[in-house]
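Can you keep this structure in mind? I'll have questions shortly.
Read from first to last, the chains carry the letters A, B and C; within each, the first residue is number 1.
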Amino acid sequence: MTVLYFLDLLGTAAFAASGALAGVQRRMDLLGVVVLGLVTAVGGGTVRDVLLGSIPPFCFKDENYLYLSIIIALLVFYFHHSLDFLRRPLLYFDALGLGTFLVIGTGKALAYDAGFLVAVMMGVTTATAGGVIRDVLSDQVPFILQKEIYATACIIGGILYYILYRAGLSEPLTAVIAALVVVVIRVIAIHRHWSLPVAQID
Amino acid sequence: MTVLYFLDLLGTAAFAASGALAGVQRRMDLLGVVVLGLVTAVGGGTVRDVLLGSIPPFCFKDENYLYLSIIIALLVFYFHHSLDFLRRPLLYFDALGLGTFLVIGTGKALAYDAGFLVAVMMGVTTATAGGVIRDVLSDQVPFILQKEIYATACIIGGILYYILYRAGLSEPLTAVIAALVVVVIRVIAIHRHWSLPVAQID
Amino acid sequence: MTVLYFLDLLGTAAFAASGALAGVQRRMDLLGVVVLGLVTAVGGGTVRDVLLGSIPPFCFKDENYLYLSIIIALLVFYFHHSLDFLRRPLLYFDALGLGTFLVIGTGKALAYDAGFLVAVMMGVTTATAGGVIRDVLSDQVPFILQKEIYATACIIGGILYYILYRAGLSEPLTAVIAALVVVVIRVIAIHRHWSLPVAQID
(Lines give C-alpha, C1' and ligand atoms only; values in the text may rest on other atoms or scores of the structure.)
Protein backbone atom coordinates (compact mmCIF):
# COMPACT_ATOMS: atom_id res chain seq x y z
CA MET A 1 0.00 0.00 0.00
CA THR A 2 1.92 3.00 -1.32
CA VAL A 3 0.07 5.68 0.63
CA LEU A 4 0.69 3.92 3.94
CA TYR A 5 4.39 3.55 3.09
CA PHE A 6 4.59 7.26 2.28
CA LEU A 7 2.84 8.19 5.54
CA ASP A 8 5.12 5.79 7.38
CA LEU A 9 8.23 7.53 6.03
CA LEU A 10 6.74 10.94 6.83
CA GLY A 11 6.07 9.81 10.40
CA THR A 12 9.56 8.35 10.63
CA ALA A 13 11.03 11.69 9.56
CA ALA A 14 8.92 13.58 12.13
CA PHE A 15 9.91 11.17 14.92
CA ALA A 16 13.59 11.35 13.91
CA ALA A 17 13.39 15.16 14.06
CA SER A 18 11.85 15.10 17.54
CA GLY A 19 14.53 12.70 18.79
CA ALA A 20 17.34 14.72 17.25
CA LEU A 21 15.94 17.95 18.72
CA ALA A 22 15.92 16.35 22.18
CA GLY A 23 19.58 15.50 21.67
CA VAL A 24 20.42 19.06 20.59
CA GLN A 25 18.62 20.46 23.64
CA ARG A 26 20.60 18.13 25.93
CA ARG A 27 23.80 19.42 24.26
CA MET A 28 24.76 16.01 22.93
CA ASP A 29 27.44 15.67 20.30
CA LEU A 30 26.80 14.80 16.64
CA LEU A 31 26.68 11.07 17.26
CA GLY A 32 24.37 11.36 20.25
CA VAL A 33 21.94 13.43 18.19
CA VAL A 34 21.94 10.85 15.38
CA VAL A 35 21.46 7.96 17.82
CA LEU A 36 18.54 9.72 19.53
CA GLY A 37 16.98 10.49 16.14
CA LEU A 38 17.35 6.87 15.06
CA VAL A 39 15.96 5.20 18.19
CA THR A 40 13.04 7.62 18.37
CA ALA A 41 12.14 6.92 14.75
CA VAL A 42 12.60 3.14 14.54
CA GLY A 43 12.69 2.04 18.21
CA GLY A 44 8.95 1.45 18.55
CA GLY A 45 8.64 -0.74 15.48
CA THR A 46 11.78 -2.64 16.44
CA VAL A 47 10.48 -3.48 19.93
CA ARG A 48 7.20 -4.59 18.33
CA ASP A 49 8.98 -6.87 15.86
CA VAL A 50 11.15 -8.43 18.57
CA LEU A 51 8.05 -9.21 20.67
CA LEU A 52 6.02 -10.51 17.74
CA GLY A 53 8.95 -12.59 16.50
CA SER A 54 9.20 -10.73 13.17
CA ILE A 55 13.00 -10.91 13.11
CA PRO A 56 15.05 -9.21 11.71
CA PRO A 57 12.95 -6.08 12.40
CA PHE A 58 11.34 -4.01 9.64
CA CYS A 59 14.15 -1.43 9.46
CA PHE A 60 16.76 -4.16 8.95
CA LYS A 61 14.85 -5.40 5.89
CA ASP A 62 14.24 -1.91 4.47
CA GLU A 63 17.18 0.35 5.30
CA ASN A 64 15.34 3.40 3.90
CA TYR A 65 13.97 3.98 7.40
CA LEU A 66 17.53 4.15 8.75
CA TYR A 67 18.93 6.38 5.99
CA LEU A 68 15.99 8.75 6.30
CA SER A 69 16.32 9.00 10.09
CA ILE A 70 20.05 9.66 9.92
CA ILE A 71 19.69 12.34 7.24
CA ILE A 72 16.95 14.09 9.20
CA ALA A 73 19.03 13.96 12.39
CA LEU A 74 22.03 15.44 10.57
CA LEU A 75 19.86 18.26 9.17
CA VAL A 76 18.51 18.99 12.65
CA PHE A 77 22.02 18.99 14.11
CA TYR A 78 23.47 21.43 11.59
CA PHE A 79 20.47 23.61 10.79
CA HIS A 80 18.27 23.58 13.90
CA HIS A 81 18.67 27.36 14.23
CA SER A 82 17.20 27.93 10.79
CA LEU A 83 14.48 25.33 11.31
CA ASP A 84 12.57 27.17 14.02
CA PHE A 85 9.69 27.84 11.63
CA LEU A 86 9.23 24.06 11.41
CA ARG A 87 8.53 23.62 15.14
CA ARG A 88 4.76 24.06 14.78
CA PRO A 89 4.32 21.95 11.59
CA LEU A 90 6.48 19.28 13.23
CA LEU A 91 3.80 18.76 15.90
CA TYR A 92 1.32 17.94 13.14
CA PHE A 93 3.68 15.63 11.25
CA ASP A 94 4.31 13.95 14.60
CA ALA A 95 0.54 13.47 15.05
CA LEU A 96 0.40 11.98 11.56
CA GLY A 97 3.23 9.63 12.46
CA LEU A 98 1.43 8.64 15.64
CA GLY A 99 -1.66 7.56 13.74
CA THR A 100 0.30 5.80 11.02
CA PHE A 101 2.57 3.91 13.43
CA LEU A 102 -0.46 2.86 15.49
CA VAL A 103 -2.34 1.27 12.58
CA ILE A 104 0.81 -0.39 11.24
CA GLY A 105 1.55 -1.90 14.66
CA THR A 106 -1.99 -3.02 15.41
CA GLY A 107 -2.40 -4.43 11.91
CA LYS A 108 0.85 -6.36 12.10
CA ALA A 109 -0.01 -7.82 15.53
CA LEU A 110 -3.38 -9.01 14.18
CA ALA A 111 -1.62 -10.56 11.21
CA TYR A 112 0.42 -12.45 13.83
CA ASP A 113 -2.79 -13.71 15.48
CA ALA A 114 -2.61 -11.42 18.50
CA GLY A 115 -5.59 -11.13 20.84
CA PHE A 116 -7.37 -7.85 21.60
CA LEU A 117 -5.08 -6.47 24.32
CA VAL A 118 -1.88 -7.49 22.58
CA ALA A 119 -3.03 -5.94 19.29
CA VAL A 120 -3.76 -2.62 20.98
CA MET A 121 -0.54 -2.77 22.99
CA MET A 122 1.55 -3.46 19.90
CA GLY A 123 -0.04 -0.48 18.15
CA VAL A 124 0.70 1.76 21.12
CA THR A 125 4.23 0.32 21.42
CA THR A 126 4.97 1.01 17.76
CA ALA A 127 3.82 4.59 18.18
CA THR A 128 5.37 5.41 21.55
CA ALA A 129 8.25 3.08 22.52
CA GLY A 130 10.75 5.03 20.42
CA GLY A 131 9.94 8.16 22.42
CA VAL A 132 10.23 6.18 25.66
CA ILE A 133 13.72 4.97 24.71
CA ARG A 134 14.65 8.54 23.71
CA ASP A 135 13.60 9.81 27.14
CA VAL A 136 15.34 6.98 29.03
CA LEU A 137 18.58 7.66 27.12
CA SER A 138 18.21 11.37 27.91
CA ASP A 139 17.84 10.45 31.60
CA GLN A 140 14.27 11.72 31.83
CA VAL A 141 11.01 10.19 33.01
CA PRO A 142 9.32 9.24 29.72
CA PHE A 143 7.06 11.90 28.34
CA ILE A 144 4.15 9.52 27.74
CA LEU A 145 4.13 8.51 31.40
CA GLN A 146 3.45 12.02 32.52
CA LYS A 147 1.96 14.36 30.03
CA GLU A 148 -0.99 14.92 27.76
CA ILE A 149 -3.24 12.62 25.83
CA TYR A 150 -0.53 11.14 23.64
CA ALA A 151 -0.65 7.41 24.15
CA THR A 152 -4.33 7.67 25.03
CA ALA A 153 -5.09 8.75 21.48
CA CYS A 154 -3.27 5.62 20.34
CA ILE A 155 -5.19 3.36 22.71
CA ILE A 156 -8.50 4.69 21.42
CA GLY A 157 -7.32 4.25 17.83
CA GLY A 158 -6.13 0.72 18.55
CA ILE A 159 -9.42 -0.33 20.11
CA LEU A 160 -11.29 1.16 17.16
CA TYR A 161 -9.00 -0.67 14.72
CA TYR A 162 -9.68 -3.95 16.49
CA ILE A 163 -13.46 -3.45 16.44
CA LEU A 164 -13.59 -2.46 12.76
CA TYR A 165 -11.26 -5.32 11.85
CA ARG A 166 -13.39 -7.87 13.70
CA ALA A 167 -16.51 -6.32 12.13
CA GLY A 168 -15.06 -7.34 8.78
CA LEU A 169 -14.22 -3.93 7.36
CA SER A 170 -11.51 -3.98 4.68
CA GLU A 171 -8.01 -3.44 6.06
CA PRO A 172 -7.21 -0.19 4.19
CA LEU A 173 -10.48 1.40 5.31
CA THR A 174 -9.93 0.19 8.89
CA ALA A 175 -6.44 1.68 8.86
CA VAL A 176 -7.55 5.02 7.44
CA ILE A 177 -10.38 5.46 9.96
CA ALA A 178 -8.32 4.43 12.99
CA ALA A 179 -5.35 6.56 11.98
CA LEU A 180 -7.59 9.59 11.35
CA VAL A 181 -9.17 9.25 14.79
CA VAL A 182 -5.72 9.19 16.43
CA VAL A 183 -4.56 12.23 14.46
CA VAL A 184 -7.73 14.21 15.19
CA ILE A 185 -7.66 13.48 18.94
CA ARG A 186 -3.98 14.34 19.08
CA VAL A 187 -4.41 17.60 17.20
CA ILE A 188 -7.34 18.65 19.38
CA ALA A 189 -5.29 17.72 22.46
CA ILE A 190 -2.44 19.94 21.25
CA HIS A 191 -4.84 22.86 20.85
CA ARG A 192 -6.72 22.37 24.10
CA HIS A 193 -3.84 21.16 26.30
CA TRP A 194 -5.89 18.14 27.38
CA SER A 195 -4.42 15.88 30.00
CA LEU A 196 -5.30 12.76 31.94
CA PRO A 197 -6.17 12.76 35.66
CA VAL A 198 -3.24 12.50 38.08
CA ALA A 199 -3.57 10.49 41.30
CA GLN A 200 -4.08 12.62 44.41
CA ILE A 201 -1.38 12.24 47.05
CA ASP A 202 -1.39 14.50 50.03
CA MET B 1 0.02 -27.27 37.23
CA THR B 2 -2.92 -25.35 38.70
CA VAL B 3 -1.30 -24.32 41.99
CA LEU B 4 1.69 -22.81 40.21
CA TYR B 5 -0.61 -20.92 37.83
CA PHE B 6 -2.57 -19.56 40.79
CA LEU B 7 0.62 -18.46 42.58
CA ASP B 8 1.84 -16.95 39.32
CA LEU B 9 -1.29 -14.81 39.02
CA LEU B 10 -1.03 -13.82 42.69
CA GLY B 11 2.58 -12.77 42.16
CA THR B 12 1.60 -10.91 38.99
CA ALA B 13 -1.04 -8.99 40.94
CA ALA B 14 1.45 -8.11 43.72
CA PHE B 15 4.06 -6.93 41.21
CA ALA B 16 1.44 -4.92 39.28
CA ALA B 17 0.42 -3.23 42.54
CA SER B 18 4.02 -2.33 43.40
CA GLY B 19 4.57 -0.89 39.93
CA ALA B 20 1.34 1.09 40.00
CA LEU B 21 2.15 2.45 43.48
CA ALA B 22 5.53 3.65 42.20
CA GLY B 23 3.66 5.50 39.44
CA VAL B 24 1.23 7.09 41.91
CA GLN B 25 4.11 8.22 44.11
CA ARG B 26 5.81 9.80 41.09
CA ARG B 27 2.50 11.63 40.37
CA MET B 28 2.10 9.99 36.97
CA ASP B 29 -1.19 10.17 35.15
CA LEU B 30 -3.62 7.27 34.77
CA LEU B 31 -1.85 5.83 31.75
CA GLY B 32 1.61 6.08 33.31
CA VAL B 33 0.37 4.19 36.36
CA VAL B 34 -1.09 1.41 34.18
CA VAL B 35 2.08 1.16 32.08
CA LEU B 36 4.28 0.94 35.19
CA GLY B 37 1.98 -1.71 36.69
CA LEU B 38 2.10 -3.72 33.46
CA VAL B 39 5.85 -3.65 32.89
CA THR B 40 6.59 -4.45 36.52
CA ALA B 41 4.26 -7.45 36.42
CA VAL B 42 5.11 -8.97 33.02
CA GLY B 43 8.43 -7.32 32.10
CA GLY B 44 10.65 -9.95 33.69
CA GLY B 45 8.96 -12.91 32.02
CA THR B 46 8.91 -11.07 28.72
CA VAL B 47 12.66 -10.36 28.77
CA ARG B 48 13.23 -14.02 29.68
CA ASP B 49 11.12 -15.24 26.76
CA VAL B 50 12.84 -12.92 24.28
CA LEU B 51 16.26 -14.19 25.39
CA LEU B 52 15.24 -17.87 25.41
CA GLY B 53 13.52 -17.50 22.04
CA SER B 54 10.05 -18.36 23.40
CA ILE B 55 8.30 -15.88 21.14
CA PRO B 56 5.63 -14.52 21.38
CA PRO B 57 6.17 -14.14 25.16
CA PHE B 58 3.97 -15.86 27.75
CA CYS B 59 1.67 -12.88 28.32
CA PHE B 60 0.93 -12.62 24.58
CA LYS B 61 -0.30 -16.21 24.59
CA ASP B 62 -2.31 -15.87 27.81
CA GLU B 63 -3.74 -12.36 28.05
CA ASN B 64 -5.01 -13.02 31.59
CA TYR B 65 -1.70 -11.70 32.89
CA LEU B 66 -2.30 -8.43 31.05
CA TYR B 67 -5.95 -8.02 32.07
CA LEU B 68 -5.09 -8.78 35.70
CA SER B 69 -2.20 -6.28 35.75
CA ILE B 70 -4.30 -3.53 34.21
CA ILE B 71 -7.20 -4.07 36.62
CA ILE B 72 -4.89 -4.05 39.63
CA ALA B 73 -3.20 -0.87 38.38
CA LEU B 74 -6.60 0.83 37.91
CA LEU B 75 -7.63 -0.16 41.44
CA VAL B 76 -4.38 1.22 42.84
CA PHE B 77 -4.83 4.45 40.87
CA TYR B 78 -8.36 5.13 42.07
CA PHE B 79 -8.32 3.62 45.56
CA HIS B 80 -4.73 3.86 46.78
CA HIS B 81 -5.88 6.02 49.70
CA SER B 82 -8.19 3.31 50.97
CA LEU B 83 -5.64 0.57 50.31
CA ASP B 84 -3.14 1.62 52.95
CA PHE B 85 -3.98 -1.39 55.09
CA LEU B 86 -2.69 -3.54 52.19
CA ARG B 87 0.80 -2.11 52.26
CA ARG B 88 2.15 -4.69 54.73
CA PRO B 89 0.41 -7.77 53.20
CA LEU B 90 1.62 -6.57 49.81
CA LEU B 91 5.22 -7.10 50.89
CA TYR B 92 4.41 -10.75 51.58
CA PHE B 93 2.50 -11.26 48.34
CA ASP B 94 5.49 -9.69 46.62
CA ALA B 95 7.79 -12.22 48.32
CA LEU B 96 5.47 -14.99 47.15
CA GLY B 97 5.65 -13.60 43.62
CA LEU B 98 9.42 -13.48 43.83
CA GLY B 99 9.66 -17.18 44.66
CA THR B 100 7.07 -18.17 42.06
CA PHE B 101 8.61 -16.13 39.26
CA LEU B 102 12.05 -17.50 40.11
CA VAL B 103 11.05 -21.15 39.80
CA ILE B 104 9.02 -20.52 36.64
CA GLY B 105 11.97 -18.74 35.03
CA THR B 106 14.62 -21.26 36.08
CA GLY B 107 12.40 -24.17 35.11
CA LYS B 108 11.65 -22.70 31.69
CA ALA B 109 15.34 -22.02 31.00
CA LEU B 110 16.21 -25.63 31.87
CA ALA B 111 13.43 -26.82 29.57
CA TYR B 112 15.25 -24.79 26.89
CA ASP B 113 18.53 -26.63 27.66
CA ALA B 114 20.18 -23.75 29.50
CA GLY B 115 23.40 -24.35 31.43
CA PHE B 116 23.79 -23.62 35.15
CA LEU B 117 24.49 -19.88 35.05
CA VAL B 118 21.92 -19.14 32.38
CA ALA B 119 19.24 -21.10 34.29
CA VAL B 120 19.89 -19.11 37.47
CA MET B 121 20.09 -15.84 35.56
CA MET B 122 16.79 -16.48 33.78
CA GLY B 123 15.12 -17.20 37.13
CA VAL B 124 16.50 -13.98 38.59
CA THR B 125 15.58 -12.07 35.44
CA THR B 126 11.99 -13.32 35.55
CA ALA B 127 11.70 -12.23 39.16
CA THR B 128 13.49 -8.88 39.02
CA ALA B 129 13.69 -7.43 35.48
CA GLY B 130 10.16 -6.02 35.68
CA GLY B 131 11.19 -4.02 38.74
CA VAL B 132 14.35 -2.88 36.98
CA ILE B 133 12.32 -1.58 34.01
CA ARG B 134 9.92 0.11 36.45
CA ASP B 135 12.81 1.93 38.11
CA VAL B 136 14.47 2.89 34.82
CA LEU B 137 11.16 4.34 33.54
CA SER B 138 10.77 6.23 36.84
CA ASP B 139 14.29 7.65 36.31
CA GLN B 140 15.74 5.92 39.38
CA VAL B 141 18.71 3.65 39.94
CA PRO B 142 17.12 0.19 40.05
CA PHE B 143 16.18 -0.93 43.54
CA ILE B 144 17.82 -4.34 43.16
CA LEU B 145 21.16 -2.73 42.36
CA GLN B 146 21.26 -0.96 45.67
CA LYS B 147 19.14 -2.33 48.42
CA GLU B 148 18.45 -5.40 50.49
CA ILE B 149 18.69 -9.07 49.82
CA TYR B 150 16.12 -9.14 47.06
CA ALA B 151 17.80 -10.62 44.04
CA THR B 152 20.15 -12.52 46.33
CA ALA B 153 17.24 -14.56 47.63
CA CYS B 154 16.46 -15.39 43.99
CA ILE B 155 20.04 -16.39 43.23
CA ILE B 156 20.12 -18.79 46.17
CA GLY B 157 16.75 -20.22 45.12
CA GLY B 158 17.92 -20.60 41.52
CA ILE B 159 21.09 -22.45 42.52
CA LEU B 160 19.07 -24.73 44.77
CA TYR B 161 16.58 -25.37 41.95
CA TYR B 162 19.41 -26.33 39.61
CA ILE B 163 20.98 -28.71 42.14
CA LEU B 164 17.70 -30.46 43.01
CA TYR B 165 16.78 -30.67 39.32
CA ARG B 166 20.13 -32.25 38.39
CA ALA B 167 19.81 -34.55 41.42
CA GLY B 168 16.71 -35.96 39.74
CA LEU B 169 14.04 -34.62 42.09
CA SER B 170 10.59 -34.32 40.51
CA GLU B 171 9.89 -30.91 39.00
CA PRO B 172 6.94 -29.94 41.23
CA LEU B 173 8.89 -30.80 44.39
CA THR B 174 11.95 -28.95 43.12
CA ALA B 175 9.80 -25.91 42.40
CA VAL B 176 8.07 -25.94 45.79
CA ILE B 177 11.32 -26.23 47.77
CA ALA B 178 13.19 -23.57 45.77
CA ALA B 179 10.26 -21.16 45.89
CA LEU B 180 9.82 -21.65 49.63
CA VAL B 181 13.49 -20.93 50.27
CA VAL B 182 13.25 -17.68 48.30
CA VAL B 183 10.10 -16.61 50.14
CA VAL B 184 11.54 -17.45 53.59
CA ILE B 185 14.83 -15.61 52.95
CA ARG B 186 12.94 -12.62 51.61
CA VAL B 187 10.52 -12.50 54.53
CA ILE B 188 13.35 -12.77 57.07
CA ALA B 189 15.22 -10.05 55.17
CA ILE B 190 12.17 -7.78 55.40
CA HIS B 191 12.02 -8.31 59.17
CA ARG B 192 15.73 -7.96 59.85
CA HIS B 193 16.59 -5.31 57.24
CA TRP B 194 19.42 -7.47 55.91
CA SER B 195 21.62 -6.02 53.26
CA LEU B 196 24.64 -6.94 51.18
CA PRO B 197 28.08 -5.41 51.70
CA VAL B 198 28.79 -2.17 49.87
CA ALA B 199 32.25 -1.49 48.42
CA GLN B 200 34.35 0.94 50.48
CA ILE B 201 35.38 4.10 48.67
CA ASP B 202 37.12 6.87 50.52
CA MET C 1 39.51 -18.51 15.06
CA THR C 2 41.45 -18.85 18.32
CA VAL C 3 43.06 -15.41 18.34
CA LEU C 4 39.71 -13.68 17.88
CA TYR C 5 38.22 -15.75 20.72
CA PHE C 6 41.13 -14.79 22.97
CA LEU C 7 40.75 -11.10 22.11
CA ASP C 8 37.01 -11.42 22.64
CA LEU C 9 37.54 -12.75 26.18
CA LEU C 10 40.12 -10.04 26.89
CA GLY C 11 37.66 -7.38 25.74
CA THR C 12 34.89 -9.00 27.78
CA ALA C 13 37.10 -8.85 30.89
CA ALA C 14 37.94 -5.18 30.27
CA PHE C 15 34.29 -4.27 29.73
CA ALA C 16 33.25 -6.23 32.85
CA ALA C 17 35.87 -4.32 34.86
CA SER C 18 34.61 -0.95 33.59
CA GLY C 19 31.01 -1.89 34.44
CA ALA C 20 31.95 -3.16 37.90
CA LEU C 21 33.98 -0.01 38.59
CA ALA C 22 30.97 2.12 37.70
CA GLY C 23 28.97 0.12 40.25
CA VAL C 24 31.63 0.59 42.94
CA GLN C 25 31.72 4.33 42.27
CA ARG C 26 27.93 4.51 42.60
CA ARG C 27 28.27 2.68 45.96
CA MET C 28 26.21 -0.28 44.80
CA ASP C 29 26.19 -3.50 46.78
CA LEU C 30 27.94 -6.70 45.72
CA LEU C 31 25.09 -7.85 43.50
CA GLY C 32 24.70 -4.48 41.81
CA VAL C 33 28.39 -4.46 40.95
CA VAL C 34 28.17 -7.97 39.46
CA VAL C 35 25.06 -7.09 37.44
CA LEU C 36 26.67 -3.93 36.07
CA GLY C 37 29.83 -5.88 35.18
CA LEU C 38 27.76 -8.54 33.40
CA VAL C 39 25.53 -6.24 31.36
CA THR C 40 28.44 -4.04 30.33
CA ALA C 41 30.41 -7.08 29.14
CA VAL C 42 27.72 -9.11 27.37
CA GLY C 43 24.88 -6.60 26.88
CA GLY C 44 26.02 -5.37 23.47
CA GLY C 45 26.39 -8.82 21.93
CA THR C 46 23.08 -9.90 23.45
CA VAL C 47 21.16 -6.98 21.96
CA ARG C 48 22.82 -7.73 18.60
CA ASP C 49 21.80 -11.39 18.74
CA VAL C 50 18.20 -10.57 19.68
CA LEU C 51 17.95 -8.18 16.72
CA LEU C 52 19.62 -10.53 14.24
CA GLY C 53 17.54 -13.46 15.47
CA SER C 54 20.55 -15.46 16.69
CA ILE C 55 18.71 -16.83 19.73
CA PRO C 56 19.71 -17.89 22.35
CA PRO C 57 22.43 -15.21 22.40
CA PHE C 58 26.14 -16.02 22.22
CA CYS C 59 26.72 -15.92 26.00
CA PHE C 60 23.90 -18.43 26.59
CA LYS C 61 25.64 -20.91 24.30
CA ASP C 62 29.12 -20.30 25.74
CA GLU C 63 28.84 -19.54 29.46
CA ASN C 64 32.59 -18.72 29.65
CA TYR C 65 31.65 -15.11 28.91
CA LEU C 66 29.37 -15.07 31.93
CA TYR C 67 31.78 -16.79 34.33
CA LEU C 68 34.61 -14.50 33.26
CA SER C 69 32.50 -11.35 33.71
CA ILE C 70 31.31 -12.42 37.15
CA ILE C 71 34.83 -13.29 38.36
CA ILE C 72 36.21 -9.98 37.12
CA ALA C 73 33.36 -8.08 38.79
CA LEU C 74 34.00 -9.89 42.10
CA LEU C 75 37.71 -9.06 41.89
CA VAL C 76 36.91 -5.41 41.23
CA PHE C 77 34.46 -5.35 44.12
CA TYR C 78 36.87 -6.78 46.69
CA PHE C 79 40.21 -5.48 45.45
CA HIS C 80 39.45 -2.23 43.64
CA HIS C 81 41.70 -0.35 46.11
CA SER C 82 44.68 -2.46 45.19
CA LEU C 83 43.86 -2.32 41.49
CA ASP C 84 44.51 1.36 41.00
CA PHE C 85 47.65 0.63 39.01
CA LEU C 86 45.36 -1.11 36.46
CA ARG C 87 43.32 1.99 35.70
CA ARG C 88 45.56 3.13 32.84
CA PRO C 89 46.11 -0.32 31.23
CA LEU C 90 42.37 -0.87 31.51
CA LEU C 91 41.77 1.97 29.06
CA TYR C 92 43.88 0.13 26.51
CA PHE C 93 42.27 -3.24 27.10
CA ASP C 94 38.96 -1.44 26.72
CA ALA C 95 40.12 -0.06 23.35
CA LEU C 96 41.13 -3.58 22.34
CA GLY C 97 37.68 -4.84 23.35
CA LEU C 98 36.07 -2.06 21.36
CA GLY C 99 37.84 -3.11 18.16
CA THR C 100 37.23 -6.81 18.74
CA PHE C 101 33.55 -6.41 19.55
CA LEU C 102 33.09 -4.21 16.50
CA VAL C 103 34.50 -6.71 14.01
CA ILE C 104 32.63 -9.61 15.63
CA GLY C 105 29.34 -7.70 15.45
CA THR C 106 29.81 -6.43 11.89
CA GLY C 107 30.99 -9.85 10.72
CA LYS C 108 28.04 -11.63 12.31
CA ALA C 109 25.54 -9.18 10.81
CA LEU C 110 27.03 -9.72 7.34
CA ALA C 111 26.81 -13.48 7.87
CA TYR C 112 23.09 -12.82 8.51
CA ASP C 113 22.81 -10.97 5.17
CA ALA C 114 22.62 -7.50 6.65
CA GLY C 115 22.90 -4.46 4.39
CA PHE C 116 25.55 -1.76 4.80
CA LEU C 117 23.93 0.38 7.49
CA VAL C 118 22.68 -2.58 9.53
CA ALA C 119 26.12 -4.22 9.43
CA VAL C 120 27.80 -1.06 10.74
CA MET C 121 25.07 -0.52 13.33
CA MET C 122 25.35 -4.09 14.61
CA GLY C 123 29.10 -3.65 15.00
CA VAL C 124 28.64 -0.41 16.91
CA THR C 125 25.84 -1.96 18.98
CA THR C 126 28.01 -4.93 19.95
CA ALA C 127 30.77 -2.58 21.05
CA THR C 128 28.72 0.09 22.82
CA ALA C 129 25.25 -1.12 23.87
CA GLY C 130 26.59 -2.78 27.03
CA GLY C 131 27.98 0.56 28.15
CA VAL C 132 24.68 2.26 27.30
CA ILE C 133 22.77 -0.23 29.48
CA ARG C 134 25.35 0.27 32.26
CA ASP C 135 24.78 4.02 32.16
CA VAL C 136 20.98 3.75 32.00
CA LEU C 137 21.00 1.41 35.02
CA SER C 138 23.27 3.87 36.85
CA ASP C 139 20.76 6.63 36.07
CA GLN C 140 23.15 8.57 33.84
CA VAL C 141 22.96 9.91 30.32
CA PRO C 142 24.93 7.32 28.34
CA PHE C 143 28.60 8.13 27.98
CA ILE C 144 28.65 7.48 24.23
CA LEU C 145 25.90 10.06 23.68
CA GLN C 146 28.01 12.81 25.14
CA LYS C 147 31.70 12.30 25.22
CA GLU C 148 34.72 11.62 23.09
CA ILE C 149 35.27 9.73 19.87
CA TYR C 150 34.22 6.35 21.23
CA ALA C 151 31.43 5.11 19.04
CA THR C 152 32.83 7.16 16.17
CA ALA C 153 35.92 4.96 16.12
CA CYS C 154 33.55 1.99 15.81
CA ILE C 155 31.58 3.56 12.98
CA ILE C 156 34.75 4.18 10.99
CA GLY C 157 35.91 0.62 11.67
CA GLY C 158 32.53 -0.80 10.65
CA ILE C 159 32.48 1.12 7.37
CA LEU C 160 36.02 -0.04 6.65
CA TYR C 161 35.07 -3.65 7.46
CA TYR C 162 32.14 -3.46 5.04
CA ILE C 163 34.28 -2.03 2.23
CA LEU C 164 37.07 -4.60 2.64
CA TYR C 165 34.53 -7.41 2.94
CA ARG C 166 32.74 -6.34 -0.25
CA ALA C 167 36.13 -5.91 -1.97
CA GLY C 168 36.64 -9.63 -1.42
CA LEU C 169 39.37 -9.52 1.23
CA SER C 170 39.59 -12.67 3.40
CA GLU C 171 37.55 -12.43 6.61
CA PRO C 172 40.47 -12.74 9.08
CA LEU C 173 42.43 -10.02 7.32
CA THR C 174 39.35 -7.79 7.11
CA ALA C 175 38.76 -8.28 10.82
CA VAL C 176 42.36 -7.55 11.81
CA ILE C 177 42.58 -4.36 9.77
CA ALA C 178 39.20 -2.99 10.90
CA ALA C 179 39.87 -3.83 14.54
CA LEU C 180 43.32 -2.24 14.42
CA VAL C 181 41.90 0.98 12.97
CA VAL C 182 39.34 1.18 15.78
CA VAL C 183 41.97 0.55 18.46
CA VAL C 184 44.40 3.09 16.99
CA ILE C 185 41.76 5.84 16.67
CA ARG C 186 40.57 5.15 20.18
CA VAL C 187 44.04 5.21 21.68
CA ILE C 188 44.92 8.45 19.89
CA ALA C 189 41.60 9.90 21.08
CA ILE C 190 42.47 8.99 24.67
CA HIS C 191 45.80 10.76 24.38
CA ARG C 192 44.54 13.86 22.58
CA HIS C 193 41.13 14.19 24.27
CA TRP C 194 39.45 14.39 20.89
CA SER C 195 35.75 15.05 20.84
CA LEU C 196 32.94 15.54 18.36
CA PRO C 197 31.28 18.90 17.69
CA VAL C 198 28.37 19.82 19.97
CA ALA C 199 25.37 21.70 18.57
CA GLN C 200 25.30 25.42 19.42
CA ILE C 201 22.33 26.52 21.48
CA ASP C 202 22.12 30.03 22.79
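Assume contacts are C-beta pairs under 8 Å (C-beta built on N, C-alpha and C of every residue); 3 or more make two chains touch, one makes a residue touch a chain.
The model shown is predicted, which means the values in this text are computed figures rather than measured ones.
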item	value
Intersection of contact partners for chain A and chain C	B
Self-contact between copies chain A and chain B, residue sets same or different by half	different
Between chain A and chain B, centroid-to-centroid distance (C-alpha), Å	30
Multi-chain contact sites of chain A, meaning residues that touch two or more partners	50, 136, 139
In the complex, chain B residues that touch chain C	50-53, 112, 114-118, 121, 132, 136, 139-142, 144-147, 151-152, 155, 195-201
Contact footprint of chain B on chain C as seen in their complex	23-33, 35-36, 46, 50, 55-57, 60, 63, 66-67, 70, 77, 80-81, 136-139
